[in-house]
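Labels A, B, C, D and E are assigned to the chains in the order they are written; within every chain, residues are numbered from 1.
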Amino acid sequence: MITVPIAYYLILAAILFCIGIAAFLIKRNVITIFMSIELMLNAVNLTFVAFAHLWRQISGQIFVFFVMVVAAAEAAVGLAIIIALFRARQTLNVDEVDLLRN
Amino acid sequence: MELVLFILFGLLAVAGALNLLFQRHPINSALSLVVVMMSLAVLYWSLGAEFLAAAQVIVYAGAIMVLFIFVVMLLNAGEEEETHGSKIAYIAGIPGAAAIFCLLSFVFLSERSRLGSTGLGGYLSGAVSNIAEISHTLFTTLLLPFEVTSILILIAILGAVVLARKEL
Amino acid sequence: MNSQLLWLIPIIPFAGFLINGLAGRKFPRAVVSAIALTATLLPALLVTQLWMVMTAAGGPPLISISSVPWIAVSGFHVNFAFTVDHLTLVMLGVVTGVGFLIHIYSVGYMAHEEGYSRFFAYLNLFMFFMLVLVLASSFLLLFVGWEGVGLASYLLIGFYFKKDSAANAGKKAFIVNRIGDFGFLLAIFLLVAHYGTLNFDAIFAKIAASPLSGGFFTTVALLLVLGATGKSAQIPLYVWLPDAMEGPTPVSALIHAATMVTAGVYMIARCHVLFDHSPLAMTVVAVVGALTALFAATMGIVQHDIKRVLAYSTVSQLGYMFLACGVGAYSAGIFHLMTHAFFKGLLFLAAGSVIHALSGEQDLRFMGGLWKKIPITFWTMTAATFAISGVWPFAGFFSKDEILFQTFQSPNPLAKLLWLVGLVTAGMTSFYMFRLWFKTFFGESRFEQSSFAHASHGGDHAAVHARKNTHLTMEAELETAIHESPLVMTVPLMLLGVLSLVGGWVGIPAALGGNDAIGHFLDPVFGSAAAPAAQAVETASHGLELSLAAISLATAGLGIFVAWLFYYRKPGTGAEVARRFQPIYSLVYHKYWIDEIYGSFLVAPLLAFSRLIVGGLVEGGLVQGTGAGLAASARGSGWLVRHMQSGKIRSYAGWLAAGAAVVIVLALFIR
Amino acid sequence: MSTNLLTLLPELILTLTAVLVMLLEPLLAAGASRKPLGWLAILGSVGSGVAALYQLRAVHALGPLTGFYGTIQVDAFSIFFHLLIASIVVTTLLASLDYFPPDQVSHAGEYFALVLFGATGMMFMTSSVELLMVFIGLEISSISTYILAGFRKGRATASESALKYFLLGSFATAFFLYGIALCFGATGSTAIAAIGAGMAVTKTPLFGWLAVGMVLIGLGFKVSAAPFHVWTPDVYQGAPAPVVGLMSTAPKAAAFAVLLRFLFEAAPTDRHHWAPLIAILAVASMTIGNLGALLQSDAKRLLAYSSIAHAGYLLVAFTAPEPLAVSAACFYTAAYAAMNVGAFVVLTQLSGFSERLRTIDDLTGLALRRPGLSAFMAFFLLSLIGIPFTGGFFGKFYVFSAAVRSGYTWLAIVGLANSGLACFYYLRLLTALYARPTADTVGDSPTPRGISVPAGLALIATAAATLLLGILPNRILSLTQRAAPATVAQCPMQR
Amino acid sequence: MNFDPIILTLILVTPLAGAILLALIPEREDSSNGGESIDSKRHAIGALVITLLTLLLTLHLPAHFNYHAAPHTYQFEQNLPWISSPAIRYHLGVDGLSMWLIVLAGFLAPMGVLASWNAVQRRTRLFYTLFLLQQVAMLGIFVALDLFLYYGFWELSLVPMTLLIATFGRTENRRRAAIKFFLYAFIPSAILLVAILWLYNLTGTFDLPALQALAGAHQIAASPTALLLCSIAFLAAFAVKVPIFPLHGWLQDAVTEAPTAAVMVLAGKLGLYSILRFSFGIFADQSRHVAPLLIALGAIGIVYGSLIALIRTDLKKLAAFSTLAHVSFVVLGIFTFTVLGMDGGIFQILNESLIGAAFFLLLGLLYERYGTYEMRDYGGLAARHPWMATMFVVTSLAAVGLPMLNGFVGEFLILSGTMQSVVIHHVLWTTLGATGVIFGAGYMLWMIQRVFYGLPGVRTEEVQGWDLCGREHLELWPFAALFLIMGIASPLWMRAIDTYGAPTATANVPSGASPSAKITIQIHSAPAVADSSLARNSNITHLTDIRREVR
C-alpha cells in the first residue's frame, strides 16, 4: 500500500495557510478576509490532525475540536462587528476603513 | 489508495483555496471555502479522525459557513471593487507569505524522514472507537477547557448582542 | 618698632576705602576728605617711623612679618607676609609721600565734582593695593597688589563713566594690563611648579643654591617682563596709558605717573636675582626700555593735549627705568623712579592746575601767556620741567645721568647704541617739555578761541564735567575766570617743586662730588657682591662720567634751544616744520597708527574669529548642529514610523506577514 | 474545599459575578443608573483578588497546586498575575463607573460583564499549564476586548477599531495556533511541562524552533511588540479610554505571563535561540514605539506607541536567565500597569465618553484648571519616563539589570538610550500640561472641575502603587522573586 | 542630643516635607485671571522659612566636621538597608568634598527664594514646590553614597528643573529649552545607568565605599577596556551636566529661559561633584587615563566660552558662556591630578556657584526693572543705580579672578596645578587657560561698560528703574561678603577640601604609571628640582616652542 509521508500533509497545510495569508492581504471584502482567516485555521487544524496521527495522540484531535468551537464563537462576534461596521460606514471594503491613522 | 485520496482532495483543497483568493464575489469565495473544508474533512477521515471529519462537515461547513453566507446576504455584499489601498500588502506582505511558505516547507521537508508515513484508517486500537476515545478525554483530562468554552460562547453571544443590536 | 604695625600700613587705607565706599555718600565732603587724608597720612607717618628705625645705626636690614596662610593646600601654602627692605622703604616713601600730597591736592581739585566720596574711596583703595604691592614678600601677594592697582586704575580712569571715552579707556587699561598679567601669572605658575613656593626669599635662595641653566630663567623672566610691560606701559603694551588720561588729573599724577606705572620697574628690580641669571631677558628689558623711551618721546613731541604730552613723557621715562634695569643698574632705575615720581607727579598736578584755571581746557593750542595769571603753578612747573629735562642741579639730571652712564658702561654688546638712544631721547624730552612750557605759559593768550571758554560750545562737555558748568560768556569774565588754584592745591605743588629740585641730591655720584647715597642705600638689596667691581669701574672712570654728563647736559640744552626757537621766538615754526614733513608728522601725530593696527590686526580678527568660527561654525554648526541633527533624524525616523501607520488593515497584515517571516527566519537560523 | 475548586476560585468568583451582572442588567429600568451593577462587578473582582490572596496562603503552605488533571497550576507566579489582573480590573471599573453618559447607560451592564469575563480569560491564561487551556483563555480575553474596543457604538471609529483589532488579532491567533500545533508535532503533547520535557529529547528540533517563532508571533501581537504592533495605535485611538487602560495592561500582562511560562518551561533548551531573537524584537519595539510617538499629537495614540515601547523594555527581561527574567518581567508588568492605567484614568476623567479633549494641544494649560488631575498625570508620565522613586524607574532598572546580568549590555544601552528618546514625547505632553493655555484650548472651556469619588479612588490607588513600587518595592519584589522558582520547579532546566 | 547620625536625613527631609506642605497650601484664586493665583506671598514665606531651616541644618556639618578623619572615609554616615535584592542601601555620608557643597546648596536656596520674591507672581505654589523638590534632589546628590540612591537623586534633579523652565521660562521658546535640557541630561544618564548596572553585576554592590575599596585594590574583575568604557559612561553623563565643551549644547537655551532661582543652580556643581565623587572615586586609574583629553577640553572650554561670551549681546547668553568658561576651569583643575589643581578645582566649584548665582541674581534684578536682557537696550545705569553697579562690578571682578576675591584663589591653584602636572602639552593648556584671564576681563568689563556706563540706552531711557531695595541688599551682601572672605581666608574652606583633594590627587596611583605623583613629591622636597632639571629643560624648550606658536 502506498503511504503518504506526513510531511506532505504538513506541506499541504502550509500551502493552505499561506494562501490564507495571501487572501487576507489581497481581498478587499471584509467578509472574505474573515473567510481567509478561517482558511488559515483550517490549515492549522490539518496540521494538528496530521501530528495527532503521527503521535497516535487523541489530544491533537480534541484540540482541533476546540478550534472549531472557538472559530464558531469568533465568527459570531466577528460577523457582528462587521455588521456594526457596515451600519456605521455603509461599506465592506477594508480599504475604505481607514479613519484611524496618522 | 491513501495517496490517491491525498492527491485528489489535497489538490481540491488547494484549488478551492485559490478560488477563494481569485473569486471576486464573497458568495463564490464562501462556496470555495466550503469546498476546502469538505476536502479537509476527507483528509481528516483518511488520517483516522472520523469524529473530526464529521464535525468539520457539520460545524464548520454546515454552521459557520452558513453564518457567513447569511451575513453576506444580509449586508447585500456585492463584488469587490479593485481599490488600491495598500502597496505594503504587495511589497512586504506577499513576499512575506511566500517566505513563510518556503520556510515551512523547508522545515517539513528536512524533517520528512523522521516523521514517517500514514496508514489509512484509524491508528488507534480497534477496541475503542475514535468517538469514545475523544469523549473520554474530553470529560476527564480536558474537562476544564470543555467547561470554560461555555464562557467563551457566552461572551460570543453577549458580544454579538451588544454589537449587532440596533439602537442609537 | 613693633613689626605688627606693618599690617596697619596697607590696612588703614583699606579701612578708609571701606568707610568712604560704603557710607561716604551720606557724609559731608569735609568728613570724606578727612577720612581719606587720615587714611593716607597715618601710613605715611608709619613709614617715616619705619624709615627711622631701619636707617638708624644697627637697625635691622629687613623687617618681615607673616600671618596665617592665605592659601593652603597640602604641600603648598602662601601666607599674608610682608617684608620691608631698603628697596621697599624707598618705594614706601614715594608711595605714601607723593600719595599723601596728591590726596591733599585732590581735595581742592575735586571739590566740585560729583562722586566725591567715590573718588576718595578709590584713591584709598589704590593706596592699599599699592602698599600691598611694595610690601609683598611673595610673588602672589605682589600679584595681589599688582592686580589691585590695576583695578583701582580701571575704576579711576573710568571715573567719569558717563563719558564713553572714559569708560573705554578704563576698560582698555584693564584689559591691556591683563595681557601683561597673563605673562606674570604664567611666570608664577612656572615658579610654583618648579619651586613649590612663591616666597621671594625662598625662591631666590633656591636659585642661588642650584642655578639651573638659562632656559628656565629666561622663560620666567621674559614672562615677568611681559607683565611689567603691561603695568609700566612699555612696548608693546603701552597703548593704554595715553588713553588713561581720561581720568581725573590727580589720578594721572598718582597712578599713571608716580606710583603704579613704576610697579613694573619695581618688580624687575625685586626679581633681579632671576634676571641676573638670564642675560637674554636683561637685553630684552634694556632694548624694550630704550625703544619705548625713544618711541614715546617722538609721539610726545606732536601731541596737543597737555596731559597726553605728559603721558607720553611718562612712557618715555619709564623706558629709561627699564633701560636701567636692563643693564643691571637697578639702583639707578629705582633712583630715577623716585625722582620721576616727584617731577612727573608735579607736572601732572601743575597741568591739572592749569586745566583747572582754564575751566577744563587741555589743548595746548588754546593756552598761552599764563605765567602771570597763575604764578605758583608756573614756577613749580618750571622746576619740574627743568628736572625732567635733566638740567643740573635738578633731580632728573642726576638720575638720568646715572642711567646713561651705567648704560654706557655696561658690558652689554648693545651698550653704546642704547646709550645713544637714551641720549637722543633726553634731547627730545627737553624739546617737547619746553614746547609744552612755552606754549602754556608764554606767548599770547589763545583761550578765547577755546570751546571751554564759551558756554554755548561747552554745553556738551559741561554735561560730562560738572565742574565745567561755568557759564562764562563775557570776555571780561573770561579773563577773571583764569585764576590761580586754591592753597590746598598749590601747597602740594610747592612741596613737590622743592623735591624736584633737591630730590636728586641723594644720588649725586662721586664724580660730581657726591657719594651716591641712594645707590649705597640700596646695596643690601641689589647685592654688594657686584658692588666692588662697580666701585672699581666708577672710580676708574670719573672722567668719562663727567664727559658723559656734559654731553647729556648739552643735548638737553639743545632741546631747550630748539623749543625756544620754535615756540617762543618764532611761534609758527613748529607748524611750518610739521607741514614740511607732513607724512612723518602725520604718522607720528597719529601715534604711528598703533591703536588702529592693534584694533584691526588683533581685536577685530579676534572678534571676527569668535563670531564666525567659534560662534558660527563650531557653536552654531557643530555643537548645536549635532543636537539639532540628531533631533531631526529622530523626527525623520518618527515620520517613517508614522507612515507605517497608514490605517489600512491590509497594510498592517502585510507588515505582520513580513514580520512573521523575519521572525521565523531568525528563529530558525540564529545561532 | 476541594483542591480543584481552590485552584479555580478567583476565576470562579469572577465568572459568577459576571453572569450575575449579565442577568441583572435586563431587570433594571431602561434609563436607570447601572452603578449598582458596577459596584457589584467591583465587589466581584475584589473578591477574586482576595481569593487569589487566599490561594497564596495555600500555596505558601502546600506548594504549587494543580487541578483538573494538570491543566491548571496555581503557584506564586499565577497568583501574582491574578492579583495584578484583579487590581487592574478594579481600577478600570472604578474609573468606568461614571464613564457612561445617561443616554448610553443601558450598555453599562454588558460592559461590566464583559470586563469581568475578559479578566476571567486572562486569569486562565496565567494559571494554565496546558496550551489548550491557554488558547481558550486567550480567546476569551481577546474576544471580550474586541467587543470592548468597539463599545462606543455609533462612532465610526469604534467599529473600525474593533474590526482592526478583531481581524488582525485572529490573524495572529492563527500563527499562535500554528505554533502550538508544531509544539505538539515536536513532542506529542500540549501540556507545557510535557513539551518542555519533550523538547529536550525531540527528534525534530526544527519544529521546536519554528514553534517558538510562531508562538512569539502570536503573543508578540498580543503584547504589541514590533513588528506586530501595527494595530495598537489605531485600536487604542478608537477604543474607549478606560478600556484602553485595561487592554494595554491586563491582556498584555497575561500574554507576557504565557510567554514567560512558554519560553522558560516549554522551550528552555532553546534559550540560546530565542534570547537573541527576543532581544531583536525588544530593540525593534522600543525603537519603533518611541519613534512613532515622537510626532503624535493625540494623547491616546501617543500612549499607544509608548505601550509598544514598554513592551520592548519588558521583552528585554526575557534575555536574562530564568529566575531573574521572571521576577524582572513580573515587576515591570506591575509597574507598567500601575502607571499606565493611572494615565488612562486621568484621560477618562478629563475627556469622558465624548473624548472631546484628545490632542496635546487640547491639554495645554490643564494644570491651571485642574491642578490635581494634572499633578497625577504628571506623576504617571514621569513614571513612564522612568524617573527615580517611581515604579517605572525601578521596573526599568530591574529589567535592564537583568539584561546586563545575562551579558546583554548592549541591549541595556540601546534600551536606556531609547528611554532617553522617549522623554521627548512624554515631556511634550508633560510640559504642555503646565504651560500657559493658548486661546482655544482647555483653558477657556468650562470643564467640570471635580473628580468623581470612585475615579479619585482609582487615581489614588494607581499613584500610590506607582510610588510604592518606586520607593518600597521590597514586598512586590519578594513576591515576583518567589514566582520565579515556582515555574522552574516544574521542569528540569538544562542550562 | 547627638544629631550626627540623622543630620543628613534631616537635611533631606526638611525641604521634602516643605515641598509637600507647600503643595497642599491652596493658592488664592482669581477667576478674572483665568484661575491663576496672584501674588500671595504665603508660599514664598513658607519656602523662605523652610530653606532657612535647611541652611541652619547644613551648618551643623562644618561645625562638627572631623578634619582628622582618615582619607576616603565618610562622616555623619547613615547606612540602612533599603531593598534587599538587588542590594540597595540608604547610605548617606559626607566628606571634605561634599561638606561645603551641601552648605552651598543650603545657602543658595534662601537666596533663590528671595530672588523669586517679586519675580514670580503667578503660580507660586507650583514654583516653590518645584523649587524645594529641586533642593531635595541636589542635597540628595551630595549626600548619597549608594550608587542607586545617588542615581535616583541625579535623575530626580532633572524634573523640577525641567518643569521650572517649561512653566516659568521667559520666552515662547521655554518648552523647547526645557525638553532640550532634559534630553541632554537624560540620555547620557541612561547610559550611566547601564554602567552602574554593569558595575553592580561585577561587584554585587552599589555601595560607594565598598566599590572604592574594590577598585582601589584592583579587584573589579573586568578587562581594562571594559572598565575604561564604563568609566567613560560615567564621565560622559557628568560631563554633559557640567557641561564640558563640546557637550554644552543645552546650556544657552536653558540659561536663557530658566527663572533666576533655577538658573542659580543649573550648571556646574552637580556634574563636577559627581565626577569627583564617582569618576575619581571608583575609576581613579581610568580617569587618569582620560585626563589629557579632559584637560584639553577644559582649556579649550575656557577659551571657547570666553570667546563666545565676547560676542553675545544678550546678558543671559553671555552669562551662559561665562559659566561654561568657569566650569571649564574646574575641569582643567581636577583632571590635573595634582593637589593644587584638585583642591583649587573643588574650591572653584564653590566660587563658580556663588559668583554665577550672584551674577544671575543681578541679571534678574535688571530684568525685573527693565524687562530685557539685551545689552544694547541698556546703558548709563551706574548713575541711577550706584549700588547695583557696585554689586555688578564686585561680582564681575570676582568672576574675572581679581586677587583678594574668591575667584582668584581657585584659578590660581588650578593653573598652578596644570603647570605642575606632567600631562602632555601641559604648558600649552596652562597658557590657554590663562588667556581666559584676559578674555574674562574682556567680556565682563565690556558688559559692565555697555550696561552701566555711557549714555542711557533705549530701554533705560523709557523706564525709570530703582536702585536696590532692602530685600535685594539682603540678597546681595552675603554674596559680596563671601567673595571677599573666601578670597582672603580660603583655608577655612580649603581645610576640609584638602582632606579629600590631597589623597585623591595622590592616592590610587598604579605604580609607575602616573608621573603626577612624582611632581607632588617634588613640591615637598626641593633637592628633587636639581635631579629633574634635565627633564625640566626639555620642557622649557618645549615651552618656548609653544610660546612661539601662541604668539
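Throughout what follows, a residue touches a chain if its C-beta (ideal position, glycine included) is under 8 Å from a C-beta of that chain, and two chains touch if they have at least 3 such contacts.
Just so we're clear, the structure is a prediction, and the values are computed from it rather than from any experiment.
Engineer: Work out which chains are contact partners of both chain A and chain C.
Structural biologist: B, D
Engineer: Treat each pair of touching chains as one step and give the shortest count from chain C to chain E.
Structural biologist: Graph distance in the chain contact network comes out at 1.
Engineer: Looking only at C-beta pair counts, which chain-chain interface has the most contacts?
Structural biologist: A-B
Engineer: Quick one: most central chain, C-alpha centroids?
Structural biologist: Located nearest the centre of all protein C-alpha atoms is chain E.
Engineer: Could you please state the distance in Å, as a whole number, between where the Cα atoms of chain A are centred and where those of chain E are centred?
Structural biologist: A distance of 65 Å separates the two centres.
Engineer: Please work out the Cα centroid separation of chain B and chain C, and write it as a whole number of Å.
Structural biologist: Roughly 102 Å, centre to centre.
Engineer: How many Å are there between the centre of chain B and the centre of chain E, using C-alpha atoms for each centre?
Structural biologist: Chain centroid spacing, chain B to chain E, equals 70 Å.
Engineer: Measure off the straight-line distance from the CA centroid of chain B to the CA centroid of chain D, and report it in whole Å.
Structural biologist: 31
Engineer: Do you know which chain B residues sit against two or more other chains?
Structural biologist: Each of 85-86, 89-90, 93-94, 96-97, 100, 103-104, 107, 111, 115, 141-142, 145, 149, 152, 155-156, 159, 162-163 in chain B touches at least two other chains.
Engineer: Which residues of chain A are in contact with two or more other chains?
Structural biologist: Within chain A, the residues that touch at least two other chains are 10, 17, 20-21, 24-26, 28, 33-34, 50, 52, 54, 59, 62, 66, 70, 73-74, 77, 81-82, 84, 87, 94-95, 97-102.
Engineer: Could you run through all the chain pairs that touch each other?
Structural biologist: A-B, A-C, A-D, B-C, B-D, C-D, C-E, D-E
Engineer: Chain C touches which residues of chain E in the complex?
Structural biologist: Against chain C, the touching part of chain E is residues 180, 184, 246, 248-250, 304, 307-308, 310-311, 339-340, 343-344, 380, 382-383, 386, 393, 397, 402-404, 408-409, 412-413, 415-416, 418-420, 430-431, 434-435, 437-438, 441-442, 445-446, 449, 452-455, 488-491, 494-495, 498, 501-502, 519-520, 522-524, 526, 529-530, 533, 536-537, 540-541, 543-544, 547.
Engineer: Mind pulling up the chain E residues that touch chain D in the complex?
Structural biologist: Result: residues 23, 34-36, 83-86, 123, 126, 148, 151-156, 158-159, 162-163, 166-167, 174-175, 178-179, 182-183, 186-187, 189-191, 193-194, 197-198, 200-201 of chain E touch chain D.
Engineer: For chain C, which residues are in contact with chain D within the complex?
Structural biologist: Residues in contact with chain D: 634-635, 637-642, 644-645, 647, 649, 651-653, 655-656, 658-660, 662-664, 666-668, 670-671.
Engineer: Which bits of chain C are touching chain A when the two form their complex?
Structural biologist: 642-643, 645-650, 653-654, 657
Engineer: Where on chain C is chain E touching in the complex?
Structural biologist: 25, 68-76, 80, 118, 140, 143-144, 146-148, 151, 154-155, 158, 161-164, 166-168, 170-171, 174-175, 178-179, 181-182, 185-186, 188-190, 192-196, 206, 210, 212-213, 215-216, 219, 606-607, 609-611, 614-615, 618-619, 622-624, 626-627
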